[in-house]
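Please go over the structures that come below.
Shared between the two complexes below is chain A, which has chain B as its partner in the first and chain C in the second.
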Partner chain A sequence: MLYSKTARAVAVAASKGVACSELMTYFYKSLCHHLDTIYDEDEVLLALAEQLGNFTMLVGGPEYVHCLLPPLESLATVEETVVRDKAVESLRKISQEHSPVDLEVHFEPLVKRLASGDWFTSRTSACGLFSVCYPRVSSTVKAEIRQHFRTLCSDDTPMVRRAAASKLGEFAKVLELDYVKSDIISLFTALASDEQDSVRLLAVEACVSIATLLPQEDLETLVMPTLRQAAEDKSWRVRYMVADKFSELQKAVGPEITKNDLVPAFQNLLKDCEAEVRAAAANKVKEFCENLPEDNREQIIMTHILPCVKELVSDTNQHVKSALASVIMGLSTILGKDNTIEHLLPLFLAQLKDECPEVRLNIISNLDCVNEVIGIRQLSQSLLPAIVELAEDAKWRVRLAIIEYMPLLAGQLGVEFFDEKLNTLCMAWLIDHVYAIREAATCNLMKLVEKFGAEWAQNTIVPKVLGMANDPNYLHRMTTLFCINALSEACGQEITTKQMLPVVLKMSNDQVANVRFNVAKSLQKIGPVLDSNALQTEVKPVLEKLATDTDMDVKYFAQEAISVLALA
Partner chain B sequence: MAGPGGGSSDVQWCFSQVKGAIDDDVAEADIISTVEFNHTGELLATGDKGGRVVIFQQEPESKNQPQCRGEYNVYSTFQSHEPEFDYLKSLEIEEKINKIRWLPQKNAAQFLLSTNDKTIKLWKISERDKRPEGYNLKEEDGRYRDPNTVTTLRVPIFRPMDLMVEASPRRVFANAHTYHINSIAVNSDYETYLSADDLRINLWHLEITDRSFNIVDIKPANMEELTEVITAAEFHPNQCNTFVYSSSKGTIRMCDMRASALCDKHAKMFEEPEDPNNRSFFSEIISSISDVKFSHSGRYMMTRDYLSVKIWDLNMETRPVETYQVHEYLRSKLCSLYENDCIFDKFECCWNGNDSVVMTGSYNNFFRMFDRGYRQDVTLEASRENSKPRSVLKPRKVSTGGKRKKDEISVDSLDFNKKILHTAWHPLDNIIAVATTNNLYIFQEKLN
Partner chain C sequence: MSAISASEKVDGFTRKSMRKAQKQRKSQGSSQYRTQSAPVELSPLPQLKDAPSTEQQDLFTQKLQQCCMLFDFLDSVTDLKSKEIKRATLNELVDFVSTNRGVLVESAYPEITNMISTNIFRALPPSENPDFDPEEDEPTLEASWPHMQLVYEFLLRFLENPDFQPSIAKRYIDQKFVLQLLELFDSEDPRERDFLKTILHRIYGKFLGLRAFIRKQINNIFLRFIYETEHFNGVAELLEILGSIINGFALPLKAEHKQFLMKVLIPLHTAKGLALFHAQLAYCVVQFLEKDPTLTEPVIRGLLKFWPKTCSQKEVMFLGEIEEILDVIEPTQFKKIQEPLFKQISKCVANPHFQVAERALYFWNNEYILSLIEENIDKVLPIMFSSLYRISKEHWNPTIVALVYNVLKTLMEMNCTLFDELTSSYKADRQREKKKEQERDELWKKLDELRLSNTALVQNNSHGLPSVQNNNNNNNSNNNNNVNEDRSADEAADNVDGKDPVEASESTPCAK
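Then we have the complex of A and B:
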């Protein structure tokens, strides 16, 4: 860090002409030397690579920006990927500052050198630089650049071919359409049939960019054969990529091809033999259906997609079911009320009873979509046992997740349903064995009070909370205090003063010091809600007593409360 | 590629160098545990029980001595692994280097993976021959200058210095194996590698240390049903999706990573049916495969079990295409070899550069070469007695019958403490590295 900041300082301090050449020579040599040096020098190199990208003005403006090229060229050959990538990023940035002449005289030769470098690290970096210099150079140089890119696409080492494949889309975007058709398509097809899986799967990404660039009528001949091949590739990782990029592909190829090609392809992915692929496809079900052309959307979904979805509900792999559960509810808005009740509702109910808790949670978290279409009452019969089971799951993270959905559910199900069925659950969480659950339950109560109001709180939950103050377990007595902390503001001054305060003050005599010092903290928290009379006559004496407690922590927190509440 | 003929019938081997201590008192830490040439053969790495890695570099061929190829001299030595203690299980973790694998060269520096029982490390070995002088804030000896005394700014310059070779750990891949790692193998995609322990195989990305994917898991739900463990694993040299793993029951399974994410189901299983005539109490133990290596061409693979070396054609699962007996005379001695634990020795094997000859070690510091084309084999010895420079190695013979000829050695006189477990063959030339307990011998083809 110090190194690159010093460098910046030196550049600023020295005169422009001198700083440029001498300093850059030093940097260049320093890098040749430091490149293969010990340990954390990588962080220095990374910082240097980043800073050099911003050095244009410091070396005297765009006329001198090419001075920055030698050190960045060195950095672009380092074996540490993050440093190389940062150097390429900086080179891309400063390429914009080069005039077209400078691009041809300085920048493009750099790219050429990197592209013909001995070490594959320099050749991979070259791949990231073609697209930034292409637009503004002459047509002879453009031809050279295209040639270099072609060579790198068939490089011996997979790393370079991977780099070329990942930049294919970006390069295609800056090429003239004719060259896209003549050059890029053949490169794309070659990379999509590479023997290395890791190269083929990158070609899938390029497919999206290329398809967007070509006119609709050319897609069928130039892109679709390769895409079909990818969707049926022997390697599951390539098919996974297709599934993962499905929505982008759908947008790129347009409605006609979607109907004829992508729908059957999507069906196959949903039925793929590898669970990872099925899960990736399941994740895209809602998006895919939403983006189908409106005129026959419903028919396509009902005939082709829904049968596959039904199969997935009983898939053997839990990740597949879980992925489906996170999106399946979204189908109800697309299909409308009648179809939802007849076809989707049984699926929701089945997933609500799934043995895997994550599946059940994913259904519950998306209930609002269904609520819009058919109203949640339809589900409530099945919903309740599902919620109860999740609330009592042996794994605390599952219990935590359901607590977090409780305010949402309460809002959708309404206050009567909540009081009848869910209230006991919320209270039970307050005395869970796991602290994280007790804490979340307290927060949950606060959100419920915000939703249902102070009066509801006073009638239903405050008595129960205050009742815990007499529990033989000190952790439960402390939970009362934490609840009071959370609820006082929402409940308001009257409830806090008349009902909560007496309980808090009484606990100042508790046997357990932890309870006593939490009393002090509670008083500090609820103080602002109370009126000054209560503060002076009731709170102050108790705090003063606690300030003379035998326990150090009790004394400390009491004194802190006194000073924060300005009661001294 | 290899020399004339390439087969051992034409080649005469002579002593070139020996590395390591001369005295017979072997320090445990110096026991060599792995030997590996890099992809050009210019570098030779050894790992030892003390967790150290020593790298030798071949000198460029000199005009003065046209009869031999360059000698190997120490290039770098570093401590790769330290002994550790697993607090949870109250077990020591040995620092012994189990395997070294070189990565293909990416730039001027060299990279290798080294592993002990639990942790794999990626090491970078680089050269430095210049250093900067003329800092503004530091004196030449490193002391900091008082900033108030700095009145002018100067740009530091570089001066040459003596060559220094530095090794630095770039990645540490830890905490992924419950059992002892026996193999690591680099994928032809230059991006991933696998590590195998007794029951599981994990796939790593060279850049990512906090995550690995489990691709094979043969741990049974009930450990009492355990009958088979993984003994070695290797990636195919060209096909990025194919790897094999061998087991203690003498089977080799080939898996295709394209077919599914978890490769518990093998694509092919190579197993030779047992010869009923040779059945004994020890059959299963000696069928355990200690090493598996693909040929450079990728068409064949070689396995080493206790008594033999087998060559398999990847297209035929039912039996090997070639079988070579390494030391068949030991078959009648299995009982005593069991008692002194030698029956559990794990011998490695290797191919020469054009896959025409295979080599493996044996006892009494003998090692064996089998020429596949000429169907000839030879036994040679690595010992200090034969260590005059450029002296040709004489073939050795073990006598099995009653009558022992002169120059032969009887089975009962073999020293079972002198075992050659690790051997390596230069990828291009006829140069071999053979490790005895604590010495590394380098032999070369006799050039006229």
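Then we have the complex of A and C:
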């Protein structure tokens, strides 16, 4: 790190006077020396590889940028992947600063050297450099580049083939369409049937870019055989990749092929024998359905997709179910009210009763989609037991998650339902064992008041909150203060002054110092809501008394409140 | 969900081990992507030993084909009868190839390899436990092991059969076959990896044409493990095979082999799970050095480069490996690396982790190492001295202190004069250091004093201005100090005034 920064400083100082190539030669020599000896720490090399990408101006501008190539070339051959990747990134960056002539004279030979290096690392790095120089070189050099890329795609080291496969899509994008058809397709086909699944799965990614580049009429013959094969690959990793990229693939191949090929393929993925694949496919259900051609979307979903979805609802694997639960509600907007009530509602209800809390939670967190279509009333009877159970889940993270959806639920279920069924839950969270839950519950109350208004707060929440001020547990007494902090603004001046303030002031005599200094903090917080009369006659004396408290913290926060409220 | 203990409810974080105990051990299906339809029921064939010799080959083939049927072992109730028939048949086949001579006719080879490939070659399923820690967690076991074990057994017996002819078999046991075999080494099931190890070893021994290929593929697996995935379950098994392969290398070593040592085996030391395969790895490294002692210097420099900086457990392993290397080192090679090596050892000796220090100090129990040190005492002692001397006074662990005393004693006996010189120069150094420290302390004290008087000045200034404003009504004074006094007096007065209303406001609610 230090070294690269020093180097940068040297370069800045020298860039104006010294001939830059000389400087870089010196620099490169010392770099080689350091690579071998003291500074062979990968962290240092990483910093160096990154810095060199920003050196163009320091070596005298684009004219001299090529003198950065030798050090980056050595860095692009080291074993450590992060260093190599950074060096390639920097090389890509400075390739743009080369003039077309320099690119052919300096940059392209470097790419060639890397591509024919002995050790796999240099060939791996070369894969990332073809696409940046291809568009800007002459047609003879272009032919050479294509040849090099072809060679690397059939390299006998799987690491190199993986690197080539991962850059295939990117390289295809800069090639002329004819060459995409003649060169890229054969490479794509070969990589997609590689003996290593780690190579094959990268070809799936390239498939998206390639399919986008080709005209519709060529897709069937050039891409589809390979894609079909990938969707039924014997390795679950490849099938997972297909499932994971399904929406992109669907967009790339267009509606006709989707209807004929992708629908059955998707059905198979939803029924795959590996849970990982099913979960990845389940995640895509909504997106896939949304992007189906509108003319017979509903029919495809009802006859082909929905039966698979129904099976997934009772899958043996909880990740599959929870993946499905996170998107299934989205289908209701696509299918409309009647279908939702008839076909989807039973599924929602089944998932609301699922044994796995994550599944239930995912359903509840997406209620808004259903609300728009059929209204939440349809669900409310089943919703309640599910919510209650989640609210009492043993894992506090689950409880936390459900609290976060309370304001949304309250908004959709209405004030009446809320008061009747959910209010007790919200109050119970205030005395949870876990602080994070009590905190979230406080915040939740504030959001509810924002939704239902101050009057509702005064009748339902405030009395209960204030009642906790007499709780024997000081943590609960503090919760009262935290609630007041959160609610005062939403409740307005009157409630704050008349109901909350007396309680806060009274608590300044609490025997627990934590409560007392929180009184000071609360007063500071609600001060701006109060009128100046209350501040002067009621708040000020209490704070002044607290400022002489025996406890250091109480004093500190009381003094802070005094100065913030300008009561001194 | 209903039975949640109170403690669990209070403490959201249940202990990892508890959660694991609750989960019952699962065995795993072998992600066979079944394009074939549901298994057809098998019907038992007559016993091979009862068949007339003319029909025996035919029956053997039929039985091999029958064993290509795959069953779902996750479902423990289906196809029970057929599963039992296949198991019995496999047993019979194992018996048949291991006890009979002349049964491996040429036409049987493709049938045999086909049966084996169908049963064992499969994409390994995703791990049940995504953060599987091979050092702690129980491995997931292969569900279809009752059959698979017999198939592996059969493959082994097939390879070991005295009639086995590699020249015929190489058409079927080819590069593709080996590659698939190598991928299975990633299996989580240790029983499977153990079979694979023996089998690959046999194949390496019998198929000369595949040797270079096998080495290269192992090379690739290791590189992927080091630089890409950091995950492969069979590293230890592959290293074990390599250990005996290296043993058989011809001299002088080919460049390819040396590259493997420096670019693959040494970087393997950086792996997180080194503990799982360190013994095998160290064995391979030592094998190389026994073959070609000139590799000692680059190997030790490589180890020093990757020397663990924060992981004491790994450091102990590295020290163990260094001792193994020193056991076989040639004195000329020792001279080449003694300086950097003993610099590291002196750091280890002074390590606050007693296991690291102890492991390093154990070097002095090794007769051969002692003789090397004695020969080079003029180089080694100056490097080691200050660490040892300091530790003998300062280390928290009494065992280490006792060990260090012994080591110092041994070293003193080796060269008494040098030891005395170093002792006195060490003491002089310490004195100088102490003096320097004292000077530094005094300097800090001076600086502190400077700062104190400075901040006092700053505080006076900063308080001065607002207090002047606050005390507009008071008599102004030009003296800062006076203003300050005025202000504190003012505040005190405020406080006195303030007390009354507080008490008043409190007494009212109390009265109610």
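The working rule: the second predicted complex is superposed on the first by the 551 of 568 C-alpha atoms of A that agree within 3 Å, B and C clash if a C-alpha of one lies under 4 Å from a C-alpha of the other, contacts with A are read in each partner's own complex, and residues count from 1 in each chain.
By our rule, a contact is a pair of C-beta atoms (placed from the backbone, for glycine too) under 8 Å apart; a residue touches a chain by one contact, two chains touch by 3 or more.
Here the structure is a predicted model, which is why all the values come from computation and not from measurement.
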Handout entry: Fit or clash - chain C, chain B, common chain A
Key = clash
Practice task
Name the contact category of A:Thr77: first (chain B only), second (chain C only), both, or neither.
Solution key: first
Exercise for the section: Using the superposition on chain A described above, determine whether A:Val542 touches chain B (first), chain C (second), both, or neither. Expected result: second
Exercise for the section: Scan A:Trp119 for contacts with chain B and chain C and give back first, second, both or neither. Expected result: both
Practice task
Name the contact category of A:Thr140: first (chain B only), second (chain C only), both, or neither.
Solution key: neither
Practice task
Based on the superposed arrangement, let me know which partner A:Arg237 touches: chain B (first), chain C (second), both, or neither?
Solution key: both
Exercise for the section: Could you look at A:Thr550 and tell me whether it touches chain B, chain C, both or neither (first, second, both, neither)? Expected result: neither
Practice task
Could you say whether A:Val434 touches chain B, chain C, both of them, or neither, answering first, second, both or neither?
Solution key: second
Exercise for the section: Examine A:Glu274 and indicate which partner it touches, taking first as chain B and second as chain C; both and neither are also allowed. Expected result: both
Practice task
Starting from the residues of chain A touching chain B, keep only those that also touch chain C in the other complex, and list them.
Solution key: 79-81, 119-120, 157-159, 162, 195, 197-198, 234-237, 273-276
Problem - Residues of chain C that touch chain A when the two form their complex - result: 1, 4, 8-10, 12, 29, 31-35, 122-123, 125-126, 176, 179, 216, 220, 223-224, 226-228, 263, 267, 305, 494-495, 498-499, 501-506, 509
Exercise for the section: Enumerate the contact residues on chain B facing chain A in the complex. Expected result: 104-109, 111, 124, 126-128, 130-132, 153, 155-158, 166, 168, 170, 188-191, 207, 238-241, 257-261
Problem - Touch list for chain A against partner chain C, complex - result: 40, 79-81, 119-120, 156-159, 162, 195, 197-198, 232-237, 239, 273-276, 355, 389, 393-397, 433-434, 502, 505-506, 509, 537-538, 540-542, 544-545, 547-548, 568
Completion exercise
As the complex stands, chain A meets chain B at residues 10, 13-14, 22-23, 25-26, 29-30, 32-33, 36-39, 77-81, 119-122, 157-159, 162, 195-198, 234-237, 273-276
